[in-house]
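Across the two complexes that follow, subunit A remains constant while its partner is subunit B and subsequently subunit C.
Let's turn to the complex of A and B:
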């Protein structure tokens, strides 16, 4: 099988894999956005900067503390998640009583500030981050070579998405989260500390973004814009999947990554816009998104 | 007489700029079933919500079992042992019946077990895996009452449990409230359906314009009708 639909097979599979990788990041990031939006009703525009911070914290841990990839994968989400907790406690929580637009503006501004500070400190050219030795090399799948690290990213992202889904749909804490998403006042009147839940939910969503950032560090170069480049597409993914839908963001994330990859093969000129075309069509036909409740 | 379980004095409450309660005072004794009667907009629901801390700004005093709760957050008020069942029932669509039932955390020991709740409301057991909002109105009301019995709270605030239900279901809710009273629960009930209130309550407060206008025992109710019609009349 050298050609499929007149396309050389290695090119097709190569782009499919690339699409799957991008889709993995779309899914992880839109998942965090969906969880945060569901609970806090805030569209977290700092999400891209927090993704980027995850990669930078990983880089800094390696270069200043000698802590490698595996430590970074564990610790960077905690560090950035705590930054999220602080942000929610000191600033975002002050805005819940106002229009949602204020939360959006605040998080947008904080994102710009964070990005600017990192650019001032590290420049915008990008810093290298090595693939950990355990994950170098490639698997021979017969029809193509699959770099081990890329396979790892897809698998880990899938596991993280499924784990998040399980926590939300199948656990006690998840039932509090779902209930509080519907009616926070009543959940609080049952004796649950909803303000603290909101803080922790924000922290967890941010930690998920940072986790994605660490996964991305060896693939994309670690630079201050890496988040803002990605986040525009991720917002389109969230809109297509349906605001606040967990399953929607995961399926849409992977699906759109693949669509984008295939577009690069069949009609490369459209690859940068195809997601927004899909978004426009979905908004026209199903304004609440593919998985959203109208 | 012993100190009341719930002692409300001069309770005022606001939603934003609108002043909805103007100095409400109530005494609820342990083991009593008391109703708040009055027309729409008299402040009955607001009184329950204010006791739970769910209105905007509040002033006055709400002493529950000897402790002042006016400054507490809703979750801490609930943890002190008061359970609330809202008028719109508040069944969560994204939770199934069992999850809805298990949602409110136990705040004290001595709550009903899940089996006891199913004995009280057999319909719920058959629908355990259905999404909460797929239930009929009556079943949703039973679920809304059932889930707060697990928590161990001894004071129940029920907002119009009879609203919009078929007469046979209303009778079942009435039996349930009498059963709860016999088990030692204390109930503060908001009602518009005054005939229903008569079948379950020991005492009634009559409200109008965010104030308590009268208090009557259930025995006096029939003879005070002329006087009360001014507040309740349709």
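Let's turn to the complex of A and C:
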């Protein structure tokens, strides 16, 4: 079979694969959002800025400290995660008792400020960051040319998603977290420090965003608006998957990456819209999202 | 300390008084509003640098020409609605000329408003050739480049050099469409063919891999990037990643050296691109660039759009000086006429002229990006590959369909 719907089959397979790669970024970013919303009930609009900070910290480590990609992959999430911890301690924790909307407004504002500060310092056109030499090159798959680095991104994203899921679903600390979400007062009565757990959870969610940022740095232009372009789509992913559902955000992330990839072949002009069309349909049929609990 | 309402009111009245007298003094001050992208993808090649270059022109020339001028600035966020609102407000509040305005969709809207209110619009940053074509206006002068000139500079040169099959990746709005249309016509005139194109949603796209793979599958020899700013940088970065550069040439149809700077020479080396200004062209451009560089964001060299703002402002001040500030403020169309009747001459763009359709003409240059080995340091990025003389670089007036000059 050479053609599917009038599109040459090799091209279609290539696009499916690329969709999967983009889906890996959506999954990784929406995972962080889902963890934060699931545990803290905060809609973290700073996520895009934290993703961008991950990439900028990687750049700064290379240029000011001489630390390359592999160090950045380890250290940048910790640095940005600590920024998240500070943000949670000083500001977000004040808002837990109020409506979700306040958390959303606060994090949205902080995101804009962070983006503006970075733009003021580094400009908007972006900074160069190279693919590490170990991961340069490409495989010729016959139907397309597949850069090694993109394959690496998919594998790492999958590992991170599975690891996060295991920590939350299968470990003791994960069970504390889930319990604290259901009934914080009771968990605290058992002698567990719930506020500290919340802080660490937020830090971990932010670290995931920064981790995705470091992964993105070699392939996307490292610029202040790199996060805000992605974040709207990622929010749609979280809503479709079901707010706070970890499995939902991962599956939806990859799934929507593929749908978007196919749209780019058949009607590229609609590729930014198709995700929101899916979101509207899902909200009409299943208001809690595909994997959410009503 | 307690504060009484009466005290506050008296204080407020006292602070407004000096402004009132100042306003009387400033009745004949020329007011220039730099309306540009301060926060989006075009900020670096336009943005604050455009405002600084406009101020530079005022600093150097206003007192010499016997006029008073002030410069204000705002961010149009690349949105026609935001830009139009600011433009209306500015013109109503006594701004005489709006300078820069990158993003063609915003520029076309403002050109209409300037005409309606008989104010002046000096465009440097937008590219659509319609500004001096079907949408031309007696109140608009288009300074630095346009899609026709960019298409001719890069498109025709590459087609002549054997790149006779093209695939376009195009930003889905007025500018991208115009750039693709104009380039396609040069490719076809040169005996080449356009094999396909993909229009992507602007500005929400960061990943271009899907379009790049489509381009690769088309087996075209040249990939034309009908976009600008960070989109172009992203496309080039990812094109290298996907190995397109092995069998395709990449033509960044609107690239400034800011994008080259952000990509680094490693990634950008060998690219061909067309610009009408480069800081290291000659003694005058070097002198201008060194004067303005200390005030630029990140001490960058001025890019072509920013230099265009300087050049346009210098010429405007000369025309306004010749007419007298009061007359210049009263009738923008007369200022535009005056500008068209005088030869332009400044350090950034050398000598040139403005045609009756509002098109400023000057030589343009096809540059090739240096290899890291050739470059002598930061900002040393280009070799000149070809020069297009002023009279040939831009679309002939008769072909533009501008109603002002028809018949």
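What we mean here is this: the second predicted complex is superposed on the first by the 284 of 294 C-alpha atoms of A that agree within 3 Å, B and C clash if a C-alpha of one lies under 4 Å from a C-alpha of the other, contacts with A are read in each partner's own complex, and residues count from 1 in each chain.
The rule we apply is simple: contacts are C-beta pairs under 8 Å (C-beta built on N, C-alpha and C of every residue); 3 or more make two chains touch, one makes a residue touch a chain.
As the structure is a prediction and not an experimental result, all values here were calculated from the model.
In the superposition on chain A, A:15 contacts subunit C only, with no contact to subunit B. In the superposed model, C is the one of subunit B and subunit C that contacts more residues of subunit A. Once the two complexes are laid over each other on the shared chain, residue contacts for A:271 go to subunit C alone; subunit B is not touched. Of the two partner chains, neither subunit B nor subunit C is touched by A:67. With both structures placed on the common chain, the touch criterion links A:175 to subunit B but leaves subunit C unconnected. Using the contact criterion defined above for the overlaid structures, shared-chain residue A:183 touches subunit B, although it does not reach subunit C. In the superposed model, A:192 makes contact with subunit B only, not with subunit C.
By the touch criterion defined above, A:225 lies against subunit C but remains apart from subunit B after alignment on the C-alpha atoms of chain A.
Interface residues of subunit A, counted against subunit B in their complex, comprise 172, 175-176, 178-179, 181-183, 185-195. Those residues of subunit A whose C-beta lies close enough to touch subunit C in the complex are 8, 10-11, 14-15, 18-19, 21-22, 116, 119, 122-128, 130-131, 138, 144-145, 147, 149-150, 219-221, 223, 225-226, 229-230, 232-233, 261, 264-265, 268-273.
The touching residues of subunit C, when paired with subunit A in their complex, are 39-45, 47, 172, 198-201, 203-207, 209-211, 213-214, 216-217, 229-230, 233-234, 237-238, 241-243, 258-259, 261-264, 266-267, 297-298, 300. Taken together, the subunit B residues at the contact with subunit A in this complex read 52-54, 73-79, 83-84, 86, 90, 92-95, 99, 102-105, 107, 148, 151.
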